[in-house]
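Order of writing sets the chain letters: A, B, C and D. Residues in each chain are counted from 1.
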Amino acid sequence: MRIKIRAFAGFREILGKEMIVEIGSGSKVADLINHLCEIKPELRGALFSDAGELRDYFMIMLNRRRLDLPEDLNADLSDNDEVAIFPPVAGG
Amino acid sequence: MRIKIRAFAGFREILGKEMIVEIGSGSKVADLINHLCEIKPELRGALFSDAGELRDYFMIMLNRRRLDLPEDLNADLSDNDEVAIFPPVAGG
Amino acid sequence: MISDGEIDLVEILGSSIKPDAGAVVAFVGVVRADPGVMGLEVEAYEEAALEELRRIKEEAIARFGVSSVDVVHRTGRLSLGEVIVVVVCGSSHRREAFQACEYVIDELKRRVPIWKKEQTEEGERWVRGDAC
Amino acid sequence: MISDGEIDLVEILGSSIKPDAGAVVAFVGVVRADPGVMGLEVEAYEEAALEELRRIKEEAIARFGVSSVDVVHRTGRLSLGEVIVVVVCGSSHRREAFQACEYVIDELKRRVPIWKKEQTEEGERWVRGDAC
């Protein structure tokens, strides 16, 4: 299935602004993240500590709804979902 | 001595916007008020209750400094003083 | 400032929008269409009002550390929907700009010798001030 | 609204200055000349930002009873002293207009997916957000 990835701020500099990735049907958010870390190895250091734990300095939105991490790493993905990755907001 | 009288809002409608009155040297604020009530009898009802007590719905400024009433009725006036009479402010 | 001409919002806001003030808060008072009211006439004891506005401005700067405070109040005849007063506070931080702006309009309404007369369908009436 | 063109203060303020809103409070955020900073680049997740702004606006109207809330946020390259965000709240009473305006800018900074990158003498750096 096809997932649209959007990335902002520092994550855009790693992943690019927007891309479509193909992953196996039945994939979860965690599978997508692993896939992205394989395509863009630089992403791993941005998302995980050296000990392999999820950092808390980023957010993920699935179809523009914010995920609660790490619980929602188990959320199911569907074809044509939009997943956005970005750091804490700093507008205004 | 000559005192400049300025009046605003409802008091302007009684006294006029601006006038010069002549009162005897050594006069106090209370003397000026009595004088004004003689020239403009309508003023008496605006400043005093039927029982002759000072109402609290007006202010007097002497040379742009607000007087504390009734104490400052005893304040001395000087030649060329400016006395302003007006109701509580309602700007903005 | 007291003005009997229309208030130029761009001019008064523009003078506060500067690289040293990250936050600008403006209060704009508008002649409100209260039931029966058709317009307003505003009268000021101009010399005393300007002195009091200057004092309030100095207080706001001292209390809240804002970098600028500008006030313009209209006098004369105003129609419904016209701007009667503008307060603009510039500050490096927004909290202080909000506090200063609210302080200035509150104190203006409490202390500055200005009066409003409403034109209504039944005639004219002075708006009663609160404090004496 | 998210806009990559200069914000028209007159237009956004003017649309709130109406006879039914006696009080209009505006917050104007300006690119501040912090030490070493030469300019800013602003990036937004536009669709999500617009949804979140709409929610914040609805919250402000429900909480404070204001009659209008308008927000415009700039994106793209901004110079020192340029307007980056404007929030305008119209209300029949001023207290609520101040509260709503402060609420909207606070929540915008906390929740709306927008990021700033500072151009400094030593290169570029992303401004760190507070909350996650």
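As a convention for this text, a residue touches a chain if its C-beta (ideal position, glycine included) is under 8 Å from a C-beta of that chain, and two chains touch if they have at least 3 such contacts.
Nothing here was measured: the structure is a model prediction, and the numbers come from that model.
> Along the shortest chain of touching chains, how many steps lie between subunit A and subunit C?
Shortest path length, in steps: 2.
> Comparing centres built from CA atoms, which chain ends up most distant from subunit C?
Farthest chain from subunit C, going by C-alpha centroids: A.
> Measuring centre to centre with CA averages, how many angstrom lie between subunit B and subunit D?
Their C-alpha centroids are separated by 50 Å.
> Suppose each chain is reduced to the average of its Cα coordinates; what separation in Å results between subunit B and subunit C?
27
> Based only on mean CA positions, could you tell me how far subunit C sits from subunit D in angstrom?
Subunit C and subunit D have C-alpha centres separated by 23 Å.
> Whole-Å distance, subunit A centre to subunit B centre, using C-alpha means?
76
> Which subunit D residues touch at least two other chains?
29, 105
> Indicate the residues of subunit A shared as contacts by at least two other chains.
Touching at least two other chains: none.
> Pairwise, which chains touch?
Applying the touch criterion to every chain pair yields A-D, B-C, C-D.
> Subunit B touches which residues of subunit C in the complex?
Residue list for subunit C touching subunit B: 29, 42-45, 47-49, 51, 73, 84-85, 105, 108-117, 126-132.
> Which subunit B residues qualify as touching subunit C in the complex?
Result: residues 6, 8-10, 12, 56-59, 61, 64, 84, 86-92 of subunit B touch subunit C.
> Spell out the residues on subunit C that touch subunit D in their complex, using ranges where they run on.
9-10, 13, 16-33, 80-81, 83, 92, 94, 97-98, 101-102, 105
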